[in-house]
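Per-chain numbering from 1; labels A, B and C assigned in written order.
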Amino acid sequence: MTTTASHPPEDLGPRPQTGGLGIANVSKVYDPEGRAVVALDDFSLDVEAGDFVAIVGPSGCGKSTLLNILAGFDTPTSGEVLLDGVPLAGPDLAPRPGPDRVVVFQQGALFPWMTVLGNVTYGLLKQGGVSRREAEARAITLLAESGKLDRIADAYPAQLSSGMQRRVEIIRALINDPRVLLLDEPFRAMDTVNKSTMHRHLLELYSRNRKTIVFITHDLEEALFLADRVIVMTTRPGTLKMDIAVNLPRPRKREMMASDAYLALREKAVFAVSEEAKRAFERGEREMA
Amino acid sequence: MPTDAAIPVRTTSLLPNRRTWLAALGFAGFILAWYAAVHWSPFAAFNRLPDPFEVVVEWTSSDPYYGISIFTADYYTHIFYSTYRALAAFGLAVLLGVPLGIFMGWKPGVRAYAGSLLSLLRPVPPLAWVPIAILVFPGVEPAVIFVTFLVAFFATTMNTLVGVRAIPQDYYRAAACLGASNRDVLFDVVIPGAMPSIFTGLQIAMGAAWFSLVAGEMIAAQYGLGFLIWESYSLIQYPTIVIGMATLGLVGYLSSAAVRLVGRRLMAWHEQRLGMAG
Amino acid sequence: MKDATVATTSPALPRPRRARRLDWRGTSSVVGFFLAWQLAVTFSLPGFTDIPTPWEVLVTFVRDFLFSANYWSSWLVSFQRVFLGFFLAQIIGIPLGLFFGTHATFRALVLPVFEMMRPIPPLAWVPLSILFWPTTEASIVFITFIGAFFIITINVFEGVRSIRPEHVWLARSLGAGTLRIFRRIMIPAVVPSIAVGMTLGIAVTWNVVIAAEMIASDSGLGRLTWEGYVSSTPTIVIVGMISIGLAGYLSTMIVDWIESRMMPWKQ
């Protein structure tokens, strides 16, 4: 077994053809009322197709800004982002969100006025080329595979538990076969038990259908458990502080979290993040969510 | 003052049966107090008023003394005039106010242009427009409808605007991720998202329309419940005043309830959410 | 295992510059409105044949009203009526709303009657009010009171209803007496509702006063406007309208100020 920058997981099968991200020297400067706020400073990262990358850092370090740029909700002030070699975001490119990189949101963004089925089929129907019947059939299949969720296809999101809502939202994203799946602290508000169920679920989906995943979180253990690489960001202005390769074998199991390898990784990550947190604190930064 | 038994408790804590009895008791008490005030109090002011029984007798008589009862055609003519004016004004307000509110809430550009103009005109009490409206419009009827429309229009626009603004940004972003075009966003996110606020606005608009209409009718119209009330006063037909007031209350309540009902139908998803939270 | 570590230092933050841009879009639409008005009169569009131009209105105002004691006393009279009715509605409505919220039996007895009377538009009360009250002034203040009363009571009631029983139970289990609960839980929960009721109430109150004055009084801004109508002097009507608008705007500002005092923690 050779070691490379990103450890190739054993039982995951071949890498997908698409989904390679190249983030090159991206900076983002905000200018509210004349005060230049540097959210991101010269951030660079290369993600191979099929990698599961987690991004962690203290509050306000720019994780969400980075995700917004990747998703196409915002443009970088300088630098560029390439998706499979094609420029995706840059100072002169208009922000262009799309189904090639779908986002799963922190607060959950299932449309409350549509049923589960309506939500899941939404992307397919909007992009066209698929009849309603076919879209619904695909949706039902995927929902059924994710723990018999086809039973709640006609329910409204408000009637579902938060775990079910998240699962539906992930399915809503994956059904569009995006090149990259972006998750913005999706399990933040969940309790431990629910969270681990979601982790299991996400890893299952990942193993069945390997995609590039970029996962933003503040929970280090979650990051180490899920990802192949954990990127630690510095406090504002955000840039890459540390790129930790997670060489734990897949499929990941809870028991691994007691292993020496894991503990060593966690030690390293915790140290890096707390160093940044301390620096932020000393600089008197306001704690921002 | 709050006592031990008076921890803020929701109404559902009293058995429905008990509540109905108490309500009936409350009404009976009200009727009694009214009667007593008219006949047994020493104040001339009260003595002048009609008592509840006079009103009911007159209202339900097949040959009413003053000509207005549930058996006379005139009664329904007045109701018809008022209702058609209210609905016309309300309908127009919805037709114009909802789209304007949506675009103002959605597009900052529209908001900048229209917002200042609306803020300028809003503080003028709609009823102050009555004289000018009569001068500008070719008759009293359109003038009264116009003034009623104004009130309903402001209420609708403001509430729609607020409803659209309240939609969390993530929904727009999610829609964009999934491939929605601008038009899609309007119909799939903006309108459904603002619906609850729009319907609240519509209920307020309905109430406001009646409020304004009555004033308009009292000031300047022929026919209509407001007109009836004022005329009965001038002609010293006091029980009819109360008949008019009660009818107004009833019709106003029914129209608001109708709006509420339509809202519930269209927003089954919202009901579910409220159900969960309840 | 290969890790990459990069450290950066933060740039110095420049001093804040305050930029104030003129809202030219809003201004242009307002200007456009006045322009449209002017043109409608100049070209004698249907309905606008007897209407004065904005300039004529301004001239008349400065000439005949700005320095007239009669005009300013109209302001005073209307204001008095508004605020008297408004505050009476607070004094009676707030306790009533509190009672509705806290006494289930009282609520079951009285609320149905209250709700029955609520949909009746305030102005429908005018004839009864005139019959009943000995003076015109009292009858107008009564109508004003009715306008604001229902709104305020309902809002306070809703405010009390929004208090979660768990908070009260918790307070009791910690030994709080009734008075304390009232001060520490009820009042803070109810204050925002009172504020909302006040804001809604003041707008309605102005509407009501103007209409009541038009119908049944001999003084005040509403009367002024109506007299302009009756004497076929549209200029006076418009001056009246603008005055009423300004007065309403002023009242809203006063109420907002009171609210900010009541709730200093609100942005």
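Some notes on this structure:
One rule holds for everything that comes next: contacts are C-beta pairs under 8 Å (C-beta built on N, C-alpha and C of every residue); 3 or more make two chains touch, one makes a residue touch a chain.
Because the structure is a prediction, the values reported are computed rather than measured.
A comparison of the B-C and A-B interfaces places the larger number of contacting C-beta pairs at B-C.
When chain centres are defined as mean Cα coordinates, A lies farthest from chain C.
Separating the centre of chain A from that of chain B, both taken as means of CA atoms, is a distance of 49 Å.
Here the CA centre of chain B is 17 Å from the CA centre of chain C. Only residues 23, 25-30, 33, 46-48, 50-51, 101-105, 107-113, 116-128, 130-134, 160-161, 163, 165, 168-169, 172, 178, 181-182, 186, 203-204, 206-207, 210-211, 214-215, 222, 225-226, 228-229, 234, 237-238, 240-242, 244-246, 248-249, 252 of chain C touch chain B when the two sit together in their complex.
Within the complex, the chain A residues that touch chain B are 71-73, 97-99, 101-103, 105-109, 111-114, 122-123, 126-127, 156, 158-159, 172-173, 176. Interface of chain B with chain C (complex): residues 1-11, 13-14, 18-19, 22-23, 25-27, 29-30, 45-46, 48-49, 109, 112-117, 120-121, 123-132, 134-138, 151, 207, 210-215, 218-219, 225-226, 229-230, 232-233, 238, 241-242, 244-246, 248-250, 252-253, 256. Residue ranges on chain B touching chain A, taken from their complex, read 168, 170-171, 173-181, 184, 188-189, 192-193, 195, 267-270, 272-273, 276.
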